[in-house]
Structure formats: structure tokens, C-alpha cells
Amino acid sequence: MTDAPEPEESLFQAPPMGEQERMVEAILFATAEPVTVAELNARMPHGCDAAEALALLRKRYQGRGVQVCKVGDAWAIRTARDLGFLMRKETVETRKLSRAAIETLAIIAYHQPVTRAEIEEIRGVSVSRGTVDQLIELEWIRFGRRRMTPGRPVTYVVTQGFLDHFGLESARDLPGLKELRAAGLLENRPPPGAMADQGEDETAEDGQSDMFEDES
Amino acid sequence: MTDAPEPEESLFQAPPMGEQERMVEAILFATAEPVTVAELNARMPHGCDAAEALALLRKRYQGRGVQVCKVGDAWAIRTARDLGFLMRKETVETRKLSRAAIETLAIIAYHQPVTRAEIEEIRGVSVSRGTVDQLIELEWIRFGRRRMTPGRPVTYVVTQGFLDHFGLESARDLPGLKELRAAGLLENRPPPGAMADQGEDETAEDGQSDMFEDES
Amino acid sequence: MADPQGGGDDDFEAISVADRVAAEALIVDVDGFEGPLDLLLTLSRTQKVDLRKISVLKLAEQYLTFVDRAKQLRLELAADYLVMAAWLAFLKSRLLLPPDPADQGPSGEELAAHLAFQLERLQAMRDAAARLMGRDLLGRDFFARGTPSGVARVRRVTHTATLLDLMQAYARIRTRDEFRPFVMDRDKVFTMEQALDRMRGLIGFAGDWTQLASYLPEGWENDPVRRRSATASTFAASLELAKQGQIELRQGDTFAPIQIRRKPE
């Protein structure tokens, strides 16, 4: 939102870094949803450097009962993982997801951006009505760019809410992602004899590396 | 709750004080209501001294962006008084968009750039001014180029803010009707005949109530 | 598809009771399978080897046996199970017969390798899903702020909507549209056949030049949509009749009314 060019010289002096760190701390504590650096900068006084303050804050909370966590390109404070046992009262019962929904979610996370046809190809069954619906409603997946292949199919990608829920800094941190890729298991390999699909394959790979690189 | 007399000698060793402080920190952070020392002791492992851990934690947060505060006879983490100005954004109340507005927005998103007359033709009812104004105020739509037809009517297009809010990379990534149906996002088709009239009726009514709503 | 050559090795009597119970359990459970690939994956577990070293031929036979037994038990199998059975029977023949040099298509080995890849990939996604769900989860193992927005409230109302609302709204509008032309257009279309029938009946009486417009059917002159359709089909019909040599056409000037008359014998 505020990508204004760096002012050569600010009319008002930015607060000292210690103050900025306090501000980031206050904002992150007050919000349940992850907050982006851009949002932080927009809310803090002119001239502040939220990214630097964040880095300091993150260090400060290392090893504490709560942690400063990266969620996609946003930040949030979350309780330390080892203390979950204290929070039995706060535990929210999440709706049980069907096996189909969990598998579909995993396929989208690991193969994103991925089309419905590709999900069906991997699972060997059609994606039932309501599965995608449910994942969108949970705000774990959203629509990505259309694939530039005939029919320009819609693609699905995972959201920041997904990363937050599963405690991932970025989609690149998905467990076993590297191994799966090295084993060629994330490829969209066309069945032998289907030459026409080769173009699609290329694009799919392209799109994928794109998606995961974006996170850096 | 647990005001048991101090055990002379604990069967299990209590965690070190640093750990206890982390526990208090996590509990205060994640709990919706302020927590009493007795509750803290009840939630923490046997042999812990919540009061002492709390005192340490309180000292640690002195001068920070958030503070450990006493609320009645319980404890909570609160934003530092001097940083209250940063919190204004958290108190925005959100309401669901009216059906007329969401339909108008959907038509603009799918058909942009689109004139008011075209919106009305697609919706089958007139579009009240308040609806368009509201969408402009939300910064979800804006004026596009004028249409080069008689009368040179203004057109509407969706904004970057719209794309951000709905998690889209571009409006072209919105799924088409077929894809909506395939994803199970489309309600079942009502039987033809029975449907045509009913649907229209409903919308007409809606459009009207919407008009009154907007006057406020 | 899968039955003829299967007769020999599918001798039901020869199977031990334990095997039969196991097979029936598998079949009764058919609803529990998420499609043929899932079933194949389950069957492949009996081979107890790395999926990369799996015998696709053996797997194909197991699957075909499964489908045959389902048939013997008169179980309705979904179409995609039967499609897979047909494909596996084809694959089996490819794997068993020496390759036909004239054949352009992929070899049995290539097809088998792809099936093995699909199974391995599905298994990998299953494992990935399990690992994902096994992670520390927000709201179960770690927690967000319990009291967000702690400070004095400045109330400001803003409106919001979800992507789902948006798409459903659009779908609602558009499906309404889909019906309208379908239901209503029929009675606003005057087909060329209708126009031809009408004109054939009338030209006999038109010895002299008459305006084409006067041939429009009754009740079609006022409603613009109906008039447009009737005009177009009547005009097209007049061209057709002129071509057949039944009538003559003339027009005084550009955009002037078109006139027709029966061709004098």
C-alpha cells in the first residue's frame, strides 16, 4: 500500500529504532492475523523501517514463550510450539476434513499452481463437488493465474492462512518438498504417447518454480 | 482453585524458573480473559510458582511495547498506553455486503469495463446510485474509460484493492460458469419454468429494499 | 473385457477360504476406495516392495481378478473401475506379447513405467498430506493472540464480502440468464420453413407485384423481436422461391421496399 519512494529527507525525524521495535511489538501483539511489513509501515509514523524493527524483535523473542513468526510475506506472534500442552482450554476443534479434502489440499500445496484436471490426474478420481469449495471456505486455497494452455484453466494455490495454520514460513518450507522434487514426483509427466501435452508440462513446471521462488 | 499447602518436597522437580516464565508468557498471550495466579498455577506443571514467574515476566516487559497488567485480581498482557494510537485500525467493524452490491460487484468483475446500463441489463433490475457509490467508497471499483458509443457512458472496472481483498492476481483468473459448476460452487439448477419467474421476483424485491437501505 | 482369458487362473474353487475372505472384504469395501488408482495402490501393498520395483504385470492381474470377483458377486462397479480394467487388460497383453514392430504407440514397458510413476506420486502425496496434518497446527499446538484489539474502540463500519459470495452471486445471475433465452426465444422465432410454407400458399394469389412486407404472418408485425425474425425468414424464403423459379423479385431503389410476384408461366 505504501510503496512511496524513500524520502530524501524527512520533515519529521523517524522515532529511534528502539521505539520502532516497541511499535511493531504492540501491533503484532494486538492482532491475531499476520501483518505484512507494508501494513506495519503504513501504521507506524512516517520514516519508520518496520523490516529492521521486526528483525530486532524477532531476535529478542528467540527462546521465549511466544515467538515472532514469518507467515508468507507477513508476520505474527504465536505461542512457542513446545508449550501447546498448557493451552488445552484454548484449543479449537477444527472440522474434520475428509481424506479427499486433505489429499487435495496437499496436492495443491506441493504442485501449485495446479489445475483441477491435474489434481484429478494425480488422485485418479474426479474431485468431488464441495471439496474445493470447503478448502476455499477455510481460506486455505485461492485461485492463482490461469494456465496459458488451451482452455486457459483456472489454477489453485495455497494462501497465507494455510501457511499460518500449518506453521510454515513459506510454501518452500513444506515438509519433504526438496526430496519429492528431486525424486521427480512433483512433475506433471504426461502419459506416454500423449505428445500434445508436452507444452503444458513445461508451463506447469515453470509456473511452479515461479510460485516457490516468489516467496524468497 | 489450587491453594494446596506448599508441598514439603515435590515428587517431580518443577521446571526451572526461566521455563515457568515462558509458560506464563504463553498463557497470558493466548488467553482471552485475564488470568489469576491460582489459574496459572493450576495450568502449569506441578510445583511451579506462577507468582514468582509473573513478577519476572512483568519486569521483563517493563518499557516494552506491551505490558503485563493487573486487571482486578487477574493478569493480562496489554498494549503500552503510549502506543494506543497505533491500535485504531483494529477496531473496524465489518458487515456483509448487501446482495445488490455483491451482484453488481460480481458483474463488474466479470464484465469489466462495463456501463451502468449493461449492469442493469445483466441484473434485470436497475442499479441504485448508492450501490455504486458504496463500491467506489470501498475502493473496489473505479471509473474506467468512457465507452465510445452514443452518450459516451462511463464504464466501471475493479481496482487493485478489489484483487487484494479477494486474493486474486487478476480479474481474468475468476473462474467461468463451467468452472464454478465443476467446483461445486454453483447451486443446483432449479427446474426450468418454475425458476425464471421466481428468480426475477426475488431480485426485484431485493433491488428495491437495497434502494431504501442506501438512502440512510 | 477382462473376462475371457482370465478363466484359467481365476478358478474360484481353488482359492483358500482365507484368500476368499480377504478378497470379499476388499470388495465389500469398494465404497471405501477413492477410485481405481487408490485400489491399485492398496493392491500393490501386497507385493511388499518399493513402488519403484513393483511388478505392474502382477498388479494388473490382481486388479483384473478383483474386478472379476466383483462381477461374480454381482457387485456394481463404477464405470471408471471398468475403464481401468480394460486398460490394464490391454497393458497386460502388451507386456506379455512380443512388441509389434509396426506399432507406433508406446511400448508396454513405457505404459507400465508411467502407471508405476502415478502410483508412486499418489503415495507420495498421501505421505505428504499425512506429514502436513501431523505438523504443529495453529489452534491446536500453537496459538494466536487470545485478545486481539485490546485498546479503546474507534468504531468504523466497513463492508466485506468473500470470494465465495462474489462467485455465487455471479453464478446466480448468470444461471438465471441461461434459462431465459431457452424458454422464451422459441415463440419469438419464425423459421424459414414456416415462412416457405406460408409463402407457397400465398403466391398463387399474387399475380401482380406486392410488397414482401405484406407477407409477414399475422401477429408478428408489432413486437420488434418477432417482426425481426419474421422479416428475416420471409426474405430468405423469397430468395429461395426466386431461385426455384417460382417468383420474381424487384426493388426500386436502395432500401426501397422489396416487391415480389408469381413468375408468369
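A, B and C label the chains in the order they appear, each numbered from 1.
Keep in mind that, in the parts below, contacts are C-beta pairs under 8 Å (C-beta built on N, C-alpha and C of every residue); 3 or more make two chains touch, one makes a residue touch a chain.
All figures in this text were calculated on a predicted structure; none of them were measured in a lab.
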Any chain touching chain B and chain C at once appears in the list A
By C-alpha centres, the chain nearest the middle of everything shown is A
Top of the farthest list for chain B, CA-centroid basis, is C
Separation of the C-alpha centres, chain B versus chain C, in whole Å, is 37
Cα centre of chain A to Cα centre of chain C, whole Å, reads 33
Distance in whole angstrom between the CA centres of chain A and chain B is 18
Chain B touches at least 2 other chains through residues 26, 29-32, 79, 87, 90, 167-168, 174-175, 185
Where chain C touches two or more other chains at once, the residues are 143-146, 148-151, 163-164
As the complex stands, chain C meets chain B at residues 143-177, 179-180, 182-184
So, in the complex, the side of chain B touching chain A is made of residues 21-27, 29-32, 43-44, 63-66, 77, 79-80, 83, 86-87, 89-90, 167-170, 172-176, 179, 182-185
In their shared complex, chain C is touched by residues of chain B numbered 26, 29-33, 76, 78-79, 84, 87-88, 90-97, 99, 101-103, 105-107, 109-110, 122-124, 134, 138, 165-168, 174-175, 177, 180-181, 185-187, 189, 192-193, 195-196, 199-200, 203
The answer for chain C against chain A in the complex is residues 34-38, 80, 105-107, 110-111, 113-114, 117-118, 120-122, 124-129, 131-133, 135-146, 148-151, 163-164
